[in-house]
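I have a structure here, written as C-alpha cells, and I will follow up with some questions on it.
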Amino acid sequence: MFAHNKRLQYTVRVDECNPGLANLMLEQFGGPQGELAAAMRYFNQYLAEDDAGRRDMLIDIATEELSHLEVIGTIVAMLNKGAKGRLAEGVDGEASLYRAISGAGNDSHVTQVLYGGAPALTNSGGVPWTAAYIDSIGDPTCDLRSNIAAEARAKIVYERLINCTDDPGVKEALGFLMTREIAHQQQFEKALYSIEPNFPPGKLPGRPEFTNVYFNMSSGDGDMRGPWNMEPTFEFREAEVAVDGGSGLPEVKLTSDEREVLEQAAMRLHSDPSADPMTGAMLGMNGGNGSGASGGSTDPQAAKKNAQRKGSAAAAKRSTTSRSTK
Amino acid sequence: MFAHNKRLQYTVRVDECNPGLANLMLEQFGGPQGELAAAMRYFNQYLAEDDAGRRDMLIDIATEELSHLEVIGTIVAMLNKGAKGRLAEGVDGEASLYRAISGAGNDSHVTQVLYGGAPALTNSGGVPWTAAYIDSIGDPTCDLRSNIAAEARAKIVYERLINCTDDPGVKEALGFLMTREIAHQQQFEKALYSIEPNFPPGKLPGRPEFTNVYFNMSSGDGDMRGPWNMEPTFEFREAEVAVDGGSGLPEVKLTSDEREVLEQAAMRLHSDPSADPMTGAMLGMNGGNGSGASGGSTDPQAAKKNAQRKGSAAAAKRSTTSRSTK
Amino acid sequence: MFAHNKRLQYTVRVDECNPGLANLMLEQFGGPQGELAAAMRYFNQYLAEDDAGRRDMLIDIATEELSHLEVIGTIVAMLNKGAKGRLAEGVDGEASLYRAISGAGNDSHVTQVLYGGAPALTNSGGVPWTAAYIDSIGDPTCDLRSNIAAEARAKIVYERLINCTDDPGVKEALGFLMTREIAHQQQFEKALYSIEPNFPPGKLPGRPEFTNVYFNMSSGDGDMRGPWNMEPTFEFREAEVAVDGGSGLPEVKLTSDEREVLEQAAMRLHSDPSADPMTGAMLGMNGGNGSGASGGSTDPQAAKKNAQRKGSAAAAKRSTTSRSTK
Amino acid sequence: MFAHNKRLQYTVRVDECNPGLANLMLEQFGGPQGELAAAMRYFNQYLAEDDAGRRDMLIDIATEELSHLEVIGTIVAMLNKGAKGRLAEGVDGEASLYRAISGAGNDSHVTQVLYGGAPALTNSGGVPWTAAYIDSIGDPTCDLRSNIAAEARAKIVYERLINCTDDPGVKEALGFLMTREIAHQQQFEKALYSIEPNFPPGKLPGRPEFTNVYFNMSSGDGDMRGPWNMEPTFEFREAEVAVDGGSGLPEVKLTSDEREVLEQAAMRLHSDPSADPMTGAMLGMNGGNGSGASGGSTDPQAAKKNAQRKGSAAAAKRSTTSRSTK
Amino acid sequence: MFAHNKRLQYTVRVDECNPGLANLMLEQFGGPQGELAAAMRYFNQYLAEDDAGRRDMLIDIATEELSHLEVIGTIVAMLNKGAKGRLAEGVDGEASLYRAISGAGNDSHVTQVLYGGAPALTNSGGVPWTAAYIDSIGDPTCDLRSNIAAEARAKIVYERLINCTDDPGVKEALGFLMTREIAHQQQFEKALYSIEPNFPPGKLPGRPEFTNVYFNMSSGDGDMRGPWNMEPTFEFREAEVAVDGGSGLPEVKLTSDEREVLEQAAMRLHSDPSADPMTGAMLGMNGGNGSGASGGSTDPQAAKKNAQRKGSAAAAKRSTTSRSTK
Amino acid sequence: MFAHNKRLQYTVRVDECNPGLANLMLEQFGGPQGELAAAMRYFNQYLAEDDAGRRDMLIDIATEELSHLEVIGTIVAMLNKGAKGRLAEGVDGEASLYRAISGAGNDSHVTQVLYGGAPALTNSGGVPWTAAYIDSIGDPTCDLRSNIAAEARAKIVYERLINCTDDPGVKEALGFLMTREIAHQQQFEKALYSIEPNFPPGKLPGRPEFTNVYFNMSSGDGDMRGPWNMEPTFEFREAEVAVDGGSGLPEVKLTSDEREVLEQAAMRLHSDPSADPMTGAMLGMNGGNGSGASGGSTDPQAAKKNAQRKGSAAAAKRSTTSRSTK
C-alpha cells in the first residue's frame, strides 16, 4: 500500500513563473524518459517478481520515482502558477493573452488552453504519455538491462534540461533528480550481475554457428574494424543470402484446395506484363509530367519522348558509377 | 447544418443476436476503412474546398457516410442487444458469462466488459479509431485520389464481412453499404478527371531526367519486366548510388565553433577500435553463449574458441554462396 | 513524497491460476476506467490545486488509487503465476503451449508472449494505456464533475468483472475496490457542491437567448418530450439554420493579394462541371460495375444504361418515401 | 535480403545548420506522407504478393523508398549537426540555449531535448510515426490505388517543403525525392491498369440499383451539378430514408429470455418523462446560468424565467428562418 | 439518416486571416474536449440506447454537435484561407514562407505543410484525435454523468479561446458554441435525475463497511477537514493496510506442477544477495560517478569511498528529518 | 543506399498454413520487440552518428534487421497463404469462414478481414506499430545500453515463439533470428565498453551526496539487503522527506499582479469546508448507497446512519492494524 507525505522528497524553489520553461519540464513528467515511465516500469516488474531481493528493490525504486514525479510535476505547477491565474480569470486583454501563449520562447498554448496550466501527462511537445514507452517483458535479465538503459537515458534528458535554465532552484532540484538516476542505474547493475549466468538471457542457447558472427551488410568507403566485429569475439563475414545453405526462397506446403483457390485469385488479379495500358495518370497529363508544354493529354508516347530526351546525358554519368552497388 | 431523421437510410433486420459477429462488424464502424473515417475525410475536405462543384459533392457524400455509420452502428447494436441486457442485469452465472464473452467464435470481452455492448469507435480488434487514418492534405488532385483508394478499400472490407455471415438481413444491409462505395468511387473519379491537367499533382514540375526512370533496386531471380518498368514510359536502369553524379556522401558547412564543439564531443565519446574491452555480457557469461558448459564466467577467450569451433563448417558453405549479393 | 508498505490495502486470495481471467482483469489495471487513470487524474489535479481542502482530498484519493492499482495488479499477477513459470521454463510441449495461450476462454497470447505473464499497462484487449484517457483541464468545477463521472464508470466496470468470476477471493477484493469508487464519488460530490455557485463552470456567462433552448435536430417517429426538453427549464424549438439571424454562410475578409492568389489556385484546380471525362474507373471496367458481362471496357454509356435499367423500379418506390426527410 | 552502400542515392549538401528547418523536414522522415510509410507500405505488399511482376516492382520501389528515407534523414542530421554538438557539450549559456531551442522560427525543443538532435521517427510536429498510416489491405486493385494516392500526396508535401527553404543543396535533394514520387505513381498506375478488369475491386458485384445513384444529402444554395452527379453516369436522387422500401427502423429477433432481461434493465434505468427533477446543476446555480444575479441557488423556476425573458426576441427571428431546414 | 443544409447553424464572420489563431481553434475541432468527441460520444450512446426519451435526446444533441463541428471547422478554414492560397501557389519567397509558418505567434507549420491549411482532426498541438477520448461505457447513469462533465469541460475550453481573440465575429460564434454547452449540460442533468435511483450506478450495492469511509492516505501539514471527509457522510480513518483484517499479503493456490516449475525458474534467475559482483557500470567508470578524478576504472571500492566522504554531512541533517515519513 | 536481393538471408520453409500461428509471429514483425523497431532504432542512430566505427556497425546491424524483418514477414505470409486465397475468392461457406477466423486457437479476424492475410505492422494483438517503441536519444552511451537491452528482449520473445510451434522450418528460422540477437547484443556491448569512461552517461557529474545512496521507500516484512543496497557501493538510508534539508514545500516568487489574480480565482472557486451541501449523488440516492432500503431519496442523514451502523465493527479491527503504515 502506498502512503503519502505532503512534503516533497526535494524542496522545489522557483524564482519566476515561466510557462515556456514549464512546458520543457513536461519532458520528464509525461515524456518517454520521464518519471511516470520509470515508476510504472519498476512497479509492474515488482508485481510479477518472485525473487525476494529484486522484489524489494523494485518497489523501493518505483516508490522513489513516484516521488520524483511529484517533484518534477511541482516544478511544472510552480512555473505555470502565474499564467494559470491570469488564464482562469481572463484578466489580460485578448491580444496580450494570445501573444503570451504563442509567443517566441513560450510555446505553451496546449498547456494553457487545454490543460489550464496544470501539469499534464504529455511530453514537452504535447504528445500524451503511452504505455508503449514501457518495455518490460517479464524476464529479469532483460528487464534489468532495460532498466539500466532507461536510467542512463533519463540522466541525459535531465542534463539537457539543466543546461536550459538558469533558475537556481529549478537547477538544484533537477540536479537531485539527475543524480538519483545514476544511483538507480548502479543498483540495477548490481542486481543484474548478481544473477549468474545472465547472458544470454533465457534458456534456449543460440545456434553456435551464428552467435559470434558479424555480417558486413553495408559496403563502401566507411567500413571499419573494431572489437565489435573482430576476433577474438567475432568472425567477420561478408553479407550473404541463404546463410543456411538453402535456396533463400520461401516454401510452404499447400493443400490442393488451397493451391487451386490461390491460382484462381492469381488469374483474376494478374497484372499483364505484355500490356501497355492507358492509365489514369495518362488521362490526367497535359503534355506530360507537368511540363505544361504542348502534347495531347493522353499521348502514350509523351513519356517515351521525355525518356529519350534525358537518356543521353544520364548514360554518360551512369557508366562511371554503375558499379558502385555491386 | 446537419439534421437527422430517425429512420435509417437502409432498414436493418437482424435474425439473431451474435456478439462475436457484432465485434467483426466494428471493423467498418471504428476501423481504418470504416464509415467514420470516410465521413470525416470528406467533411474535412468540404470545409476547406473552394471549388463549388466539389464542395457540394463532398458534403453530399460526407453526409451519406454519416448515415452509413448509423447503419453499421445499428447492426452492431442489434447483434449485441441480447448480450447487453444479460450483462447489465447480471442474470447469468459467472462461469457462463465468462464463457459467453471469451469463448470460441465470440471474442467480445472488451466490447462487453468495457463498453457494455454498445458500439464503440474501435476496429474489430479493439484498437481505438484515430485521425491518423485520415490522409487528406488539402490538395484536390491528391485528396480525390485518396478518396478513390479509400472507397476501393472500403468496398473490399464490406465484401469480406459479407462473406462471414449468413444472417440475410445483415447481408442485405452490408450489400447496400458495399454498393455505395462503388458509386462514391465513380463520383470521385469524375471529379478528379474534370480537373485538367491533374497529373502530376501540384505546380512544381518534376526533374525530367528522373520522372520516367525505373531503378532496379532488387536483384535476383524474380526480376520481371512489364509496362511499369519498360519503354515507352520508363527507362529501366540498374540501381546506382549518387545518381546526381556527386560523391553520394553528405556534406554540411559548419562554423568553426560548431566544428570545434563537435570534435570535442567526438573525442569524449569515441569508441576505441583498438581496444578489446571486457563487457557486461562477458561478465554475465558462464562458459559462453548459453552453452551452460564449464569455463570461467569472464573468460574473454570463450567467444573466440566458440568462433573457431564453428568456423570450419561455415567456411565451406560460404564459399558457394558468397557471390550472391554482388 | 510517497512511501510504500509491502502489505496490500486489501488482501488478495486467488483460488486457481487462470490467465484468461487475468487478461480480463487488466481492464482495471491499464484500461481507460482503471486505477492508473484514476490515480493520475487526481495526482495531476493535486499538483496544480490551490484550494487547501481539495488539495488534501485529491492526494488522499490519488494515493488510495495507487494502492488499488497494486491490488488489481496483484490479482493479475496471481492469476498468471502458473502460466508464467511454464512459459519461462518452456516445459510444455509446443502444441500444448500454443493451445494454452490461444484456446477458447483464454485469449492471453499477448500477455504471455510479449509480457511473460507480468501485468502490463494495457486494457483487457491489449491496447496500451494512454494519457488521452485523462480529461482533467485545470478547472475544479469541471475536474470534479469529471472525477464524479470517472468513479461512476469504474464502479460499473468492477461490477461487470465481479459478474465474470466465481473465485471467491477475487470476487471479494473486486467488491472492495468497487465499493471504494462509491465512496470516492460521494467525496468528489461534496467537494463540488461546496463551491457556490458551481454552475455554469467558468466566469463567462452564457448568452441568455441560447442557454435554455432545446433544438429538435432529429425528426421522425421517435420524438419524445421530457424534462430535458420542456418547460420550465427548456424552450423547445425546431432545428433551424443561422439562429443568429444571419445568412448562415461563412465570410472572411481577404486582402487583395490573398484573393488574387486564391483565384489563381481555384482556376488551376477547377473541376469542370461541363466536362464528362473518361476516368480511371472507366478504364478499369469490363462491362460495367463488375457485372462481368459484355460491353467495351471504356464505354462511357455503360453506366448510363445501367442507370436506366434500374430507374423504373426505383422510381416507384421513391414516390412513396421521398417525403420522409422533410 | 537487404544490403547497404554507404553512399547515398542522391548527394546531400547543406549550406548551413538550421534545426528549425530540420524539424520541418521530419515531415517526410517520420510523418504520414513520409518515406518510412512509403517503404513499409510497399514492403508489406511485397511479402504477400503472388503476382511475379507486381512482386518485383513492389520490392524495387520499397527498396528505393528506404534509400530515400536515408536521404531525407541525412538532410535532417546535417541541418541539426551544429545544434547537436552544442547540446551534447553544454557549451552555451542556459538562456541562450533556451532561446535557441524555443525561439521564433526554431521550434525544435523536442528534437533537441528528447532526441539530442538525431532524426526521430516523428512528423514535423513531434507526433510519433504509427502503422495506422499504412492503408494496405491485401487486395492489389485497392493497394495499387492506395499507392497511387500516397505517391501523389508525397509529391505535394515535398513541393511544400521545397517552397520553405532557400538552401540550394537541400532544395536539389528534395527536388529529386519529389520527382521520384512522380515516377513511382506512374509505375503503380501501369501495374493497376494491367489488371483487367480492375473496377470495381473484388469479386462481389454491386447491387445495380445503387451503383450509379447520387444522393443529394445536402440541400441549400450551394447545390451544383457536374459529371459526378449527372447522367450518363449517375442518376441524381434526393436524399430519402429507407431506400430499400422498408420501415427504416431496426429490427432484431430476441429470445424470450433476452426480451425479459432487457425489459428489466429498461425499467430499472427509465428516465421518467413526467418528472421534473431537481438536478445537480440546479443545486449549483446561483441565480441561474452564471448571471450572478439574485435568486435562490436551487430555484427550479429560475430557468423558466430565463427562458421567458428571451422568448419574445427569439420568436420574432425564428418566424423568418424556421423553414430553412425543410 | 442525416441530412445537411449548406447554411451553418450559426453564421461565421472572420475579420482577418490568422493561421496561428486557426491552429488554436483546432482544440475544439479535433481536441479531446472538442465537437467531434462530443458528437461521437452521444451518437454512440444513441445507437445502443433503449429508453425512448433518452434516445431522442441523445440524437438531437449529437446532431447539434455535428453542426457545431461544422461551425468551428468553418472558423478554422476561414482563418486559414489566405495562407492556404499562398501555400498552394508557392507565391512567397522561401524565407518569407518559412517565417510565416514558424514565426512567433504562428506555430502553424504542421497545419500548413502537412494539411495544406485545411482543418485537420488534431488538437491545437497537432495530436491526432483518438477514440480514446470517448468514455461511454453503455450504462446510462454513468454515461449521463460523463456527458455532464464533458459539457462542463467544453464550456471552459471555449471560454479560454474567447479570451484569446479579439476578432468580433469569431468571438460571437465561439460565444454561441460555449452557450450551447451550458444548455446541453442542463439537458443531460435532467435526464440523469429522471432516473430514480441513479446512485450508486449499477445493480450491485457497495459493501456498507466501506461506502462512507474516508482514508487519510496523505499525512503532513496540509491535512484538512471538510464535508468530503467528515460526518455525517463520512467516517474519517487513518490509512491502514489490510483493511479486511487479513495479512495484506497475496496468496494463490498452485498445483504442484506449477510450484515446481516456478521454483526452477526462481533458482535459475536468483539475484544472489551475498554476491558483490563486478558490474557493467563499474567497467565503465573512470574514477567513479563522473567525478573525472583519479582512481582505477573498475575499482569496486571507489563507490564506497564516495559514500564515506558524504556520509558524515548527510547523517547530521537526517537526524532532524527522519521522522517525517512516519 | 539500400539494395535488395530476392533471396532471403535465411530460407523459410513452412509445413502447413496456420493463420493463428501467423498472428503470433506478428509479435516480431510489428511488435515492440520486433524487427522493425530494431532496424529503425539502429538506422536512426546511424544517421546522426559521427564516430566512424559505431557508424559502420550501426548500419551493418540495421541492414541485417531489415533482412530479418523480411524473414519474419515471410513466415507470416507463408502461414497465411491458404487463408488468404480462400478469403479473396470467398469460396468457403459463411459459417465456416466465420469459424475459421474467430475459432479457438485462431484469433486472426483482424488479420483476415482488415489486412486480407497480408503481414501488417501490428503486434500479435493487433496494436499498430508506433515509433514510441524506439528509445534512442542521441547519446551513444545511452543508445548502446538501450540497444543491448533491446537485443536481450528480442532474444526472449523469439524463445517464447519457438516454444509455441512444432513446425520444424518455422522453428529453424526463428532459431536463426534468435541467435542473431545474441550476436548483436555482444557487438553493442563491445562498442559501449570501447568508450572510456562510459558511466555515468553525459558530462554533468552527479551530486556526490546522492550518487550512492539507496532510499528504503517501501517498508514492511519483505525488506531485503543485497549488493544493490549495501556497502561498499551503497549507503542504505530510510526514506525521508526534504533530503535537501529544506521545508519540502514548494515555493514560487509571484509578482503582485499574479498573486492578486490567483487570490481572486481562489475565492471564486473555494470549496467551503464548513458547508455540508446537498449533492447530486444525494439527489440520486434511494435509501442510501444502493441498499434499496427505506429512507427518503435526499435524506442527508442516510449516509450518517450508514456510517454509524458499520462503525463499531470496523473500530475493533482498526485498533490492531493502524500502526502498520508507520
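By written order: A, B, C, D, E and F. Residues from 1 in each chain.
Criterion: contacts are C-beta pairs under 8 Å (C-beta built on N, C-alpha and C of every residue); 3 or more make two chains touch, one makes a residue touch a chain.
The structure displayed is predicted, hence computed values, not measured ones.
The chain with its Cα centroid farthest from the Cα centroid of chain C is A. In terms of the distance between Cα centroids, chain F is separated most widely from D.
Remark: chain C and chain F have CA centroids separated by 21 Å (rounded to whole angstrom). Centre to centre, using the average C-alpha position, chain A and chain C are separated by 26 Å.
The set of chain B residues that touch two or more partner chains comprises 1-9, 32-33, 53, 56, 59-60, 63, 67, 74, 77, 84, 88-90, 104, 107, 114, 116, 125-128, 130, 132, 137, 139, 141, 148, 156-157, 159, 182, 185-186, 190-196, 199-200, 202-204, 206, 211-213, 217-218, 220-224, 226-228, 233-234, 239-243, 248-249, 262, 265, 268-269, 271-273, 275-283, 289-290, 303, 324-325. Taken chain by chain, the contacts link every pair, so each chain touches all the others.
Across the complex, chain D meets chain A through its residues 1-7, 50-51, 53-54, 87, 90, 92-95, 97-99, 101-104, 107, 109-110, 112-114, 116, 125-128, 139-141, 148, 182, 185-186, 189-196, 203.
Listed in rising order, the residues of chain E touching chain F in the complex are 141, 192-193, 195-200, 202-206, 208-209, 211-213, 220-221, 224-228, 230-235, 237-243, 245, 248-249, 271-277, 280-287, 289-292, 297, 300-301, 303-304, 306-307, 309-311, 313-314, 317-318, 320-322, 324-326. Those residues of chain E that touch chain A in the complex are listed here as 20-21, 23-24, 27, 31-33, 104-107, 123-127, 156-157, 159-161, 163-166, 217-223, 239, 241, 248, 262, 265-266, 268-273, 275-282, 289-290, 303, 324-325. Across the complex, chain E meets chain B through its residues 1-9, 30, 36, 40, 43-45, 47-48, 56, 59-60, 62-63, 66-67, 69-70, 73-74, 76-77, 80, 84, 88-90, 114-122, 128-132, 134, 136-139, 203-204, 277-280, 283. Against chain C, in their complex, chain E makes its touches with residues 1, 3, 5-17, 32-33, 52-53, 55-57, 59-61, 63-64, 67, 74, 77-79, 81-82, 84-86, 88-89, 91, 130, 132-133, 135, 137, 139, 141-142, 145-146, 148-150, 152-153, 155-157, 159, 162, 169, 172, 175-176, 178-180, 182-183, 185-188, 190-191, 194, 199-204, 206-207, 210-218, 222-224, 226-229, 233-234, 239-244, 246-255, 258, 261-262, 264-265, 268-269, 325.
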